[in-house]
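In what follows, chain A forms one complex with chain B and a second complex with chain C.
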Partner chain A sequence: MNIFSDAARYVWIARTSARSNLAYAGEVIYRCSFLTIILYIFLRLWTAVYEGSGVDRVGGLTLPQMLWYLVVTEAIYMSAPRVASEVDEDVRTGRLAVHLIRPLSYVGGHLSRAMGDRVVRFAINLMVGTAIAFVLVGPISLSWSGIAMFLAVLPAAFVLDFLGMFLIGLCAFWLESTSGLALIYTRTVMMFGGMFLPLAIYPAVLQPLLKVLPFASMLSAPGLMFVSPSLPLLEESIVIQVAGVVLFAGMVGLVQFIAMRRLFANGG
Partner chain B sequence: MFRSFVDYLNLCAAYLRININAQLEYRGAFYSQVAAMFINDGAWVVFWLFFFTRFPVLHGWSLKDVMSLWAMTTAGFGIAYGLMGNAHRKLAPAIAQGELDLWLLHPRAVLPHWLLGSTVPSAWGDAAFGFVVYLGFVMPDAIHAVTFVVLSFVVAVVFVGLGIATGSLSFYIGNASTISDQWRDSSITFATYPPTLFEGKVKLLLYTAIPAGFISYLPVQTLRSMSIVDLLIAIAGALIVLTFGVGMFYFGLRRYESGNLLSMNG
Partner chain C sequence: MNGGVEIRELKKSFALTRWTGFSRSVSEVVAVDGISMDVPEGQAVAFIGPNGAGKSTTIKMLTGILHPTSGNISVLGFTPWRDRRKLAHSIGAVFGQRSQLWYHLPAGDTFELLSRIYRLERSEFIRTRDVLIERFNLGPFMNTPVRKLSLGQRMRAEVAASLLHRPRVLFLDEPTIGLDVIARQELRGLICEWNRNDGTTIFLTSHDAGDIEHVAQRVVVINHGQVVVDDNVAAVRRKYLGAKRLRVQFHETPRPMKLDGVTVLSETSFEWTLQVDTGITPVRVVTAAVLDAGSVADIAVEDPPLEEVIARIYSETRKEVPT
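And now, the complex of A and B:
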């Protein structure tokens, strides 16, 4: 009973966050119009590549599949909430002390809010991206099993990214500003996650390393699962995601434990 | 006229010193932002390195050419918003919230004074990145290096003009922060991809409404051709963007309404 009521609290937070996100239509439109520009530029870029090299497939993908891959990876990347800066602000302003007296886990509360936020943003990005890709390159063939595999790796991709950003935010206990670190983290995810280039295009010597890092399972794995699903890739991605979540969650627990010992709350 | 120009240069130097000293009060944060932006830009270099390793030529453009685009854009951006940080993302919300009052009371012309009012710490990382990448990747001779420095200031003029134009939208349509950011970000995004990818009406757009052509295409073309005509066109383009921005600002200023804010400006 207790577990259910606890879970209901977090679900309620996620739901509230999702609803409040829907209220900010301006920001959503801004993000979508920027997505349009990115997709248009990459369509031009990849069209030049396919025409120039005279091949049907690059990195195992056709031109329409390449653009749809980009739709998915961009939709995931652009849906990321500003977890690091929120945690940073909690630490810097002392708001953290207020969070800690609530009957909620600090990480759990942030996770619920971030997931509610992200699901809405991702859904909108994906819808807009789908419409743009339809106009630019037309549809690609999708299968129910492929969509199921895509949906199977998506939640862990979001959770992994959340834990990474949360860790960065906790660094505010030691650093004057975490904004630089957050920028480096997002660029690391972008580059090593294969956002613009499928990992198959990266230099062969780097590919084994990139495949075992958690970043590829945040972007590349869902993107590939959507356009060109395969069971071995699904199995590989789930193993890496589980290991990544355990590792990141362990690091969050450890860093938070050390950080809380430095916390001083002065009335007010 | 000349004395007034020298006066403004002195004002610029004084503000630069004050802004940098203010940032150095939190030097850890300042240096980390500069370094992070340098690394952020470096991620794009890695992207293009991987890209050109696999596909060596893109519509006649090589890695060196694309690095020149990046170097030009980041150096110009860094100089513009390092010196005139208020032209970056601050004008639109300031107009909408009636925060120009303080600046209207100063004896100096309001726009240059406002522009110089702050620095963007990460912009210094962009500026450093631009010069390092150009020297490191393109390895220019002396004349190209000097032309690059001149052009980076020309591009900075474009960025300042663009910042004023996009921010001044708030005079006309209310709080234009979102659309202002979108306009500038679109220009920067287009500016970092080879112009040969775009054609027809889009190309026209890139030399008018989205001035990516003046941010990087024309300056890089100048570096490739070393033609004085191309240089003059790049300078003329930058002055047109700046004049347009300044015109939008002062025309819009007539519609400005005070926010009746009481604030301390330290």
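And now, the complex of A and C:
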């Protein structure tokens, strides 16, 4: 009972965060229009690549599959909430006190907020992306089992990314600003996660390494699961995701433990 | 003393690391230096001091956010830094410059969320919420997003939000900062009312003497991490300014009057404002002289404003304690 009511509190935070995200229509419209432009440019680029090279498949994907892969990875990437900068701001401005005065875990509270935020953003991005992909390349064949596999790897992809960003934010206890680190992190996710290019296109020597890094579990794994699902890929992705979550969560726990001892009364 | 706050020999110091080229030097900064005090349940205490005195550090140790370097604290029987989450159910806090309300949502949504976070019984939550809406006059803007509220409205909602779970101790860190005169008075009145009616212990830090005068029964002044004054508001005013203020209105222009220890602060044809150093001349002597000076229509004896008392305490402690 206690575990359920404890979990219910975090679910309610996620719910409130999701509602807050929808409350400001201006921002939603801005995000959608930005995503539309980005997707349109990349969809045209990939079309040119396929037409120019005259091949049927690139990295094992047909043109429609590649474009739908791009829709999914873009939708995930662009749904990322500003976790690192929020944690950074908590530390720098002393807003941490507002969180710590509550009977909640600091990381748990942020995770709930981030998930509520992200689910809404991702859903909107996916709807916009789907509409664009339908217009430009038409549908691809989807199966219920494929969708289930895609949905199975999505939550851990979000949690992994959250933990990575949270770790960056915690560095504010030691650094003047974490914005540089956050920029490096997001670009690393973009590059090694396979946002624009599926990992199969990367040099063969790099591929084994890229597959086991947690970044591929955040973007490439859900993207591939959506366009070309397979059980071996699902098993491999889940193993890497679980290992990544355990590793990142351990690092967050350790860094937070050390950081809280460095905490002093910021901002009076 | 399970119902209140007990602080014993509380110390907090920070290591400050400085790099000069490749050489590292570490110095110790003492923020709180041996504070001891008891606050009985239901008391309203103003915890004041100049910037950097150690107020916020103490408040953060009392709420379990910071670990002390040494010493003990008991808040409602809990050791805050060890039992932070348990204690959080019984305390509330308002940090004047940091909002706890969701910016894009109406305050009611934050109230609803807080009821889940504190696991409040539904009926109890609704009852408390309705009382707060009525007492804090939140009804007209309960459905308005927080971003569209005035600062006064937002601060009323902030304080109400921190009272939803009926905390036994409420920490208010500069709750009236930035508010206009009317909004300040309203908020002070509401805090006082809650303290009186609900018996909530209030821990107030503020640079505004009016907050202290209207809300607190007791003043604790800290400077350089140490308690330099701990007394009730009236006693502090008396002790630190052995002075009274006399406002006198006459029916006709009075004759000039000169007494040792009496300074004329303002003078018109029919009104005087005098500052009396009671250590030199007692008030009754001055009053008799005033009655002799002309036909008095009205006379009022007042304490000097608390701002002057606080300014004097700060300047005295600055002289006493080397920085």
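The working rule: the second predicted complex is superposed on the first by the 265 of 268 C-alpha atoms of A that agree within 3 Å, B and C clash if a C-alpha of one lies under 4 Å from a C-alpha of the other, contacts with A are read in each partner's own complex, and residues count from 1 in each chain.
Definition applied: a contact is a pair of C-beta atoms (placed from the backbone, for glycine too) under 8 Å apart; a residue touches a chain by one contact, two chains touch by 3 or more.
Every value quoted in this text rests on a predicted model; they were computed, and no experiment measured them.
Asker: Figure out whether A:Glu176 sits in contact with chain B (first) or chain C (second), or with both, or with neither.
Answerer: In the superposition, A:Glu176 contacts chain B only.
Asker: Answer with first, second, both or neither: which of chain B and chain C does A:Val135 touch in the superposed model?
Answerer: The answer is neither, since A:Val135 touches no partner chain.
Asker: After the superposition on A, what does A:Ala243 contact: first (chain B), second (chain C), both or neither?
Answerer: In the superposition, A:Ala243 touches no partner, neither chain B nor chain C.
Asker: A:Ile13 contacts which: chain B (first), chain C (second), both, neither?
Answerer: A:Ile13 sits against chain C, while chain B stays out of touch.
Asker: Using the superposition on chain A described above, determine whether A:Val49 touches chain B (first), chain C (second), both, or neither.
Answerer: The first partner, chain B, only.
Asker: Scan A:Ser33 for contacts with chain B and chain C and give back first, second, both or neither.
Answerer: Only chain B; A:Ser33 stays clear of chain C.
Asker: Between chain B (first) and chain C (second), which, if any, makes contact with A:Arg261: first, second, both or neither?
Answerer: second
Asker: Contact-wise, after the overlay, does A:Leu209 reach chain B, chain C, both or neither (first, second, both, neither)?
Answerer: neither
Asker: So which positions on chain A get touched by both chain B and chain C?
Answerer: The answer is that chain A has no such residue.
Asker: Give the list of chain A residues in touch with chain B in this complex.
Answerer: 26-27, 29-30, 33-34, 37-38, 41, 44-45, 48-49, 52-53, 175-177, 179-181, 183-184, 187-188, 190-191, 196-197, 201-203
Asker: What does chain A use to touch chain C in their complex?
Answerer: 5, 8-9, 12-13, 16, 19-20, 23-24, 93-98, 100-104, 261, 263-265, 267-268
Asker: Would you tell me which residues of chain C are touching chain A in their complex?
Answerer: 14, 31, 51, 55-57, 60, 63-67, 84-86, 88-89, 91-93, 95, 97-100, 102-105, 109-110, 112-113, 116-119, 145
Asker: Could you list, by residue number, the parts of chain B that touch chain A in their complex?
Answerer: 26, 28-29, 32-33, 35-37, 39-40, 43, 46-47, 50-51, 53-55, 57-59, 122, 178-179, 181-182, 185-186, 189-190, 193, 196-198
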